[in-house]
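First, the structure itself, so that you have it in front of you.
Note that the chains are named A, B, C, D and E in the order they appear, and that numbering of residues resets to 1 at the start of each chain.
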Amino acid sequence: MENKIFEPKIVAFVCNWCTYAGADLTGTSRIKYAPNVKIVRFPCTGRIDFMLLLKAFGEGADGIIVSGCHPNDCHYTSGNFHARRRWISFRSLLDFLGIDTGRITFSWVSAAEGAKWAALVNDTVSRIKELGPYTDYEKVARYYEEEVNHE
Amino acid sequence: MIESYLLQSSSLTKLFNKLIETRHIYAPVKKGMVTSFNRVESLEEVAKDYIQTTISAKSILFLRNEILFHYKQENGDVKIMEPDLQRIPELVIWGCRPCDAKSFKSLHSVFNWDYKDIIYSSREARSAIISFSCNQADEYCFCTSAGSGPGHTEGSDILLTKLKSGDYLAEILTEKGQLIRDMIPAIFETPSSESKEDNLARIPIVFDTAGLKQKLEQAWNSELWITQSMRCLGCGACAFVCPSCSCFDIQDEKHGKEGVRSRCWDSCGFSLFTRHTSGHNPRETQAERWRQRIMHKFSYLPDQQGFTGCTGCGRCSRACPADMNIREHLAALINDSTSPENRVA
Amino acid sequence: MNEYQTIAAGLLSSGTAAMVIGYSEGSAKRVRPVFFTRPEEASTLVFDSRCVQNIAVYLTKKEIRTEGKIAIIASLPVMRSIIQLASEHQLSEEKIIVIGITPSGEVKQFNGFDALDAYVSSTTIEIEARYREKIEQVEKMTLTERWNFWKNELSACFKCYACRAACPMCYCTRCTVEMNQPQWIPVPSHTLGNFEWHIMRAMHLAGRCVDCNACAEACPLGIPFNLLTKQMILQFKKDFGGYNPSLKGLNILSSYLPDDKENFIQ
Amino acid sequence: MARIGVFVCHCGENISATVECDKVAQAAAGFPGVVHSIDYKYMCSDPGQNMIREAIREKNLTGVVVASCSPRMHEPTFRQACSEAGLNPFLCEMANLREHCSWVHEKGEATTKKAIDLVRMMVEKVKRNQPLYPIRVPVTKTALVVGGGIAGIQAALDIANGGNKVIMVEREPSIGGHMSQLSETFPTLDCSQCILTPRMVEVAQHPNITLYTYAELIGLDGFIGNFKAKIRKKAKSVDEKICTGCALCTTKCPQKKIPSEFNEGLGKRTAIYVPFPQAVPNKPVIDKDHCTYYKTGKCKICEKVCPAQAIRFDQPDEIVEVAVGAVVIATGFTIHQTGFFPEYGYGRYPDVLTGLQFERLASASGPTLGEIRRPSDGKIPETIVFISCAGSRDPAKGIEYCSKICCMYIAKHAMLYQHKVHHGKSYVFYMDIRAGGKMYEEFVRRAITEDQVNYVRGRVSKIYERDGKLIVKGVDTLMGAEAVEIEADMVVLATAGIANPGAEELAQTLHVSYDGHHFFSEAHPKLRPVETNTAGIFLAGACQALKDIPESVAQASGAAGKVNILFSKSELTREPLIAVVNRSAPPEYSTCVGCFLCQPACPYQAIEKEEIKDRSGKVIKTVARVNPGLCQGCGTCVAFCRSKSIDIQGYTHEQVLAEVMAVLEND
Amino acid sequence: MDEKNIYVPYRMRIEKITQEAPGVKTFRLKFVNDEDALSFSFKAGQFGEYSIFGAGESTFCIASSPTRKDYIECTFRQTGKVTSALASCEEGNVIGFRGPYGNIFPLDDWKGKNLLFIAGGIALPPMRCVIWNALDRRSEFGNITILYGARTVSDLVYKHELEEWGSRNDVKLITTVDPGGETPDWKGEKGFVPAVLEKMAPASANTIAIVCGPPVMIKYTFPVLDKLGFTDDTIYTTLENRMKCGFGKCGRCNVGKVYVCKDGPVFTYRQLKSLPAEY
């Protein structure tokens, strides 16, 4: 178990119109990147509830990517602006609580930035690999496992 | 079967150190304004000067969150893994007040009434309660009006009363108490003639317990339920600090294929406590919920179990963010004349 | 009778108000909220530094309903709460008379929200120095220290929801913590659930909290979760220029500026 | 009960080259709720789609996951296939195994595992999908066109000729807009009015067009297909039905010195007036601000002389409410009022003119009947200077954008001048010549080469008067920044074009967004240039950004086309992926507490207040409601709602949380 | 081991799912462990805690007859978290069941009497158990009459059984739907249950009335029964308060001093009258 290479589990919350399409472009451009990241699609970054980020950590995510359209490019005009404010406040709150915001990558990736998406994923994966598994949070989330009495 | 001994002040440490060799000790620990029962390693950690802990000793036997069982879904079936109750350590609740100790009686009967709750019972069976009599009280205390008192022995295995000399009067009250005495018999000396009563806090009786139940039942339609509960915020602070409140919720939590079903504290003061999924709520208003809390403790439990669900510790009043004072409100209800008619025949 | 007692009595005897909400002496030298309808009870009103419970919380409770107007003895935080609640369409001007007592002790009666709004807008929310220091202290810790600090504090929470019950801004009839489809926040009060609960509470109060501190005062366990909302107030001042309860203007999180500054989005 | 089918596509070898598709299908077969799981070479092929259809029918599937390419590619295909087999199309989801997995990862265990995770995620999502049905909204087939300039006229005629009704609202007494003021038009130099007036008349006579001139839009409620517009018809003080348009009144009116708006102040008009001879409608209105009777209570000469007895001094403003299904905004532009360039002396020197004033001078219908004469002394200018970018492209003093039309009309002005004053000398000071457009560059070239217009590249620093001449001081940057001084008889400023005053207010009335210069914002700068962000409201002409006549007309026709598409069906169907505020049984009715903090967060003003009433009509609760006609489904309100009372179909709380849990599930 | 963890449910396999009405399903459940099946028994009127592992527990009655030994059935309407999770189950899935809890319909005391069942909407299930129980012991009772109403025809549950009961000549079945809830080919009554009851005016002599239904129906049915001459002791009903444990510990189902989970859910009208209105 110990000598197994740590493969971080990373969830990406992305908007449909820019980053999801950008990641599609990464695919059509056949740019390779690490397979640790799995994308959950949203209509807009404005839809991404901060609670989902917490739930992701609670379910064992080691890292999170949140990405959407660049400012002024939102398909819905202002969803990403609202999201940005929410992230600014949420991020500072998490930091104050000692939750590692270094494990959350926020980014703007447009539908044309297939290469940026690949780079972003790779950066995030290598950063999280350096940080290691998010055991602090894991311990709290799996509080009952200490008492598990298998057999 | 009370046996009394003298325990020199220096022997207290010996007793503690003896017990900790084989048992987990939970004792009041002070942190800021809050004193609560924590697992301790040495007597130094134990709070010296406290009238009452913020959370009662019930939290040690009736856990805030108790895992009832684990489960795992596999191959279209479910595997249920029950907690291994044999792994519950032997424990000592040290520094309990007599009112808390008495409340274990009520918890015991609720959890053993008809259906025996072996999780609670196993913890109870493995724990010994070493209480300390109260030599001080505050204006929230009303144990003497609730069938308890500063030197009440019910529920404790050993009751220690600090004497003016600094030594302790040790009353061995149960077999578990005797067992502890036998672990370190040397320190249990012949008692002095000093009276226990003289070393207890004076807590005036504010109302008469006798007839309390009947008077409350008569007050069923009283306006007081409304006026008293108007400032109630509907939180669960009173129930959660209460040593006798035992209402709980059962909840599932699952990660992937595995999960737990657990039991966690709940409060009749919460508006959702009795709410049906249809939206209908048998106790729709805070006044009805306040009445439930009082009636449960002082009427229903006496009917079912033969004793009240309140030992007069006063915690609920101390904890209430809106200063709902149970002692004061009970006194008012007893003297209530707003509703002569009696709904409950 | 002092000024606010006289005003309260007058409002009731003239029939202008049907009920007065204020504070009176409670048990063990505490004060408690009172609700009365007879002018003679006005003499039991007290107002001093002990009056920290935010009684604006009662204005949205279904148990506190009267046919006529409610007059409320209001400290500055209570006044702020009333404006914030009004801006969120929870209070109607026709139902409320505010007997305001300013921090300097001046008694001001407000019959309409516009005047109250003007007064509230003339003040600013300032975090008390002792809390600022505590916040700085936490901020200076390392990430791990901060995590351990909060884990230690929040693991104590037994979810009695006194903080929520005491907060005038927590008027939702179904709190998200009680939502079970899906179950966002676990019901048991384990550390993870407590973190999620307190984070959610802080986020939901972001830009709305009037810093009355009633939540922390209500907590029977003395958990310093009020630092979360206070830190956010300070942070908002830094990031967005701060906010003040107001009938005009928008909530910080339901508005934005195209050039909001951040340095973490890649 | 969930009965999910999983269909794993190899996409030829596009997926199967790096993902072991059979293993994915096998793993999926073991997921709770999955009753059918297969892999196949091409799911999108006919046989592939048939496999889906058959499985739906045979196994009574309640949900389908197609694990293949991006949903942006084939979601409609597979949803259609499901629909054909009787499964609601919204019970079909796609796991993106190609773009997000096989194409971007190397072959290996991790890649197959990721594919399995992606499928598990979509299985958990689809289990929580609800059947959804397209939203149907009735459409009122009447369009409101705001503004009667060339863009409005074009849009109105196109819509009307498409068989739909149009209501046109024009603020001025006549339609025609700025184009009616122009003399000739570039690059053809044909007469502006000659091409415009027939269209104006067509508007007035068109059976499908109702024209409200001297009227303003004061309110707009509702949503696409179902707007309610409120229009104020200002009192004209003339009964239009009786008035014959003989204009006798205008000759008798004692107030004769009012600067004519149509002539940009270079001519005069009376208080009862027709703006210009070809006005549509060609009936006078009384300008109450200047009328002697309205000011003093005495006069009424017009009333006395009117042979038709059509004067109505007591006529009130009238407010009409009309139901319309779409709105075209064509409110045009205005020119930057001068004064911000004091060094050019506009206002101080009567012979410093704006471009629009020059148009009136050059126009045959203008105050000088088309002769170029100085306003100061009526002399024909021997030397004339045109200054481009007077205010445009000047972030410091003017506006930062390029007004776009000036380069062209300056060339036209200079040409017109040269054609009329053969011996005259003309100079153009310019920064750049922007002549992108069909025959535009050639046109400018012609001015320089054939009409000998002197183009000087440089800015004018100052204009002052000396001995009856206007001294224009500037530099010629092509000659090494050499100082240039020209003694001119007339100077024409190519004043910047700006948004109309009141554009901001109108945008708020219409609930459309606008930019920092108060031009209305299009929904997408490239792909949706004639739509606004509010569904059902379209843009035409210079109100969106400055543009010339052909561009305005093109956009107007585009907007009209959009309106006619919208009106081509009596019902509008929309994707049901919209936000919904929950409703529950009494006494709750909804968990929404009506704080309405979501309202400002909605980019589409789709959140409304709904009053829940008891049987007696008493309001019990006011809660939010999402207008399905307006909601575009971004979900910003969903994330914002504290009590989680709003959910968005297709991305519900249940669905997204299940996805997160599933994707992180340990095996 | 006589001491067992009372919170641990039996594992039950869903053998059959019947869609009764919109949002209403019946599960037939079989014990996964055969020993559990052998040791299990219950009586008409009792209830249990049904659970989905991961969602939690929900309380409803056992709707099958205790005379049918090899399975139990439950019928529920999808309303909350647990019932929604149950509703998404398929045949073959394993769920949890604890019980039986609560008191019973005293069928043995009713021997020789006429039985009048009055039910509304989704409240037929608790009665179905007694009905089948009585039908399986048909000879012990006098006339058996069933009056069942629902809002609309599609809301009627146990349609196949209604048909069966209707075709038997030892049962009198009257079905009714609220005005406006009928289909064109509806042959039953139209009208609310109390009104239909008043119209049919069953004899009260030697008759037990068992009433289950939504609060409004109950409220208007009791006075009608009263008028027809039923005494308070001959009218039975069941209460459904919110419960968690099912055995008198969790503290939420009480109506005054009475615990619905232990003293109920079956009550006579006389008992009900003595209780405060906390249900």
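Convention: contacts are C-beta pairs under 8 Å (C-beta built on N, C-alpha and C of every residue); 3 or more make two chains touch, one makes a residue touch a chain.
Everything quoted here is computed from the prediction, not taken from an experiment.
Peer 1: Show me the overlap between the contact partners of subunit B and those of subunit E.
Peer 2: The shared contacts of subunit B and subunit E, listed by label, come to C, D.
Peer 1: Please identify the chain with the largest separation between its CA centroid and the CA centroid of subunit E.
Peer 2: D
Peer 1: Whole-Å distance, subunit C centre to subunit E centre, using C-alpha means?
Peer 2: 47
Peer 1: When the C-alpha atoms of subunit C and subunit D are each averaged to a single point, how far apart are the two points in Å?
Peer 2: Computed from C-alpha means, the inter-chain centre distance equals 44 Å.
Peer 1: Between subunit A and subunit D, what distance separates the C-alpha centroids? Give it in angstrom.
Peer 2: The computed centroid separation for subunit A versus subunit D comes out at 37 Å.
Peer 1: In whole angstrom, what separates the CA-based centres of subunit B and subunit D?
Peer 2: Whole-Å distance between the two chain centres: 70.
Peer 1: For subunit B, write out the residues touching at least two other chains, lowest number first.
Peer 2: If we look for residues of subunit B contacting two or more partner chains, we find 73, 82-83, 249, 251, 253, 255, 262, 278.
Peer 1: Pull out every residue in subunit D that's touching 2 or more other chains.
Peer 2: Residue numbers touching two or more other chains: 588, 601, 640, 653, 657, 661, 664-666.
Peer 1: Provide the list of subunit C residues touching at least two other chains, using ranges where the numbers run on.
Peer 2: 176, 181, 184, 190, 253-255
Peer 1: Write out the stretch or stretches of subunit B touching subunit D in their complex.
Peer 2: That would be residues 73, 255-257, 278-279 of subunit B.
Peer 1: Help me check something: in the complex, which residues belonging to subunit D touch subunit A?
Peer 2: Residues 70-73, 96, 98-101, 103-106, 110-111, 113-114, 117-118, 121, 513, 533, 577, 601, 603-604, 632-636, 638-640, 648, 650-651, 653, 656-657, 659-661, 663-666.
Peer 1: What does subunit C use to touch subunit D in their complex?
Peer 2: Checking each residue of subunit C against subunit D gives 88-90, 171-176, 179, 181-182, 184, 204, 250-251, 253-255.
Peer 1: Given the complex with subunit C, which residues does subunit E contribute to the contact?
Peer 2: 80-81, 84
Peer 1: So in the complex, which bits of subunit D are touching subunit E?
Peer 2: Residues 1-3, 33, 35, 127.
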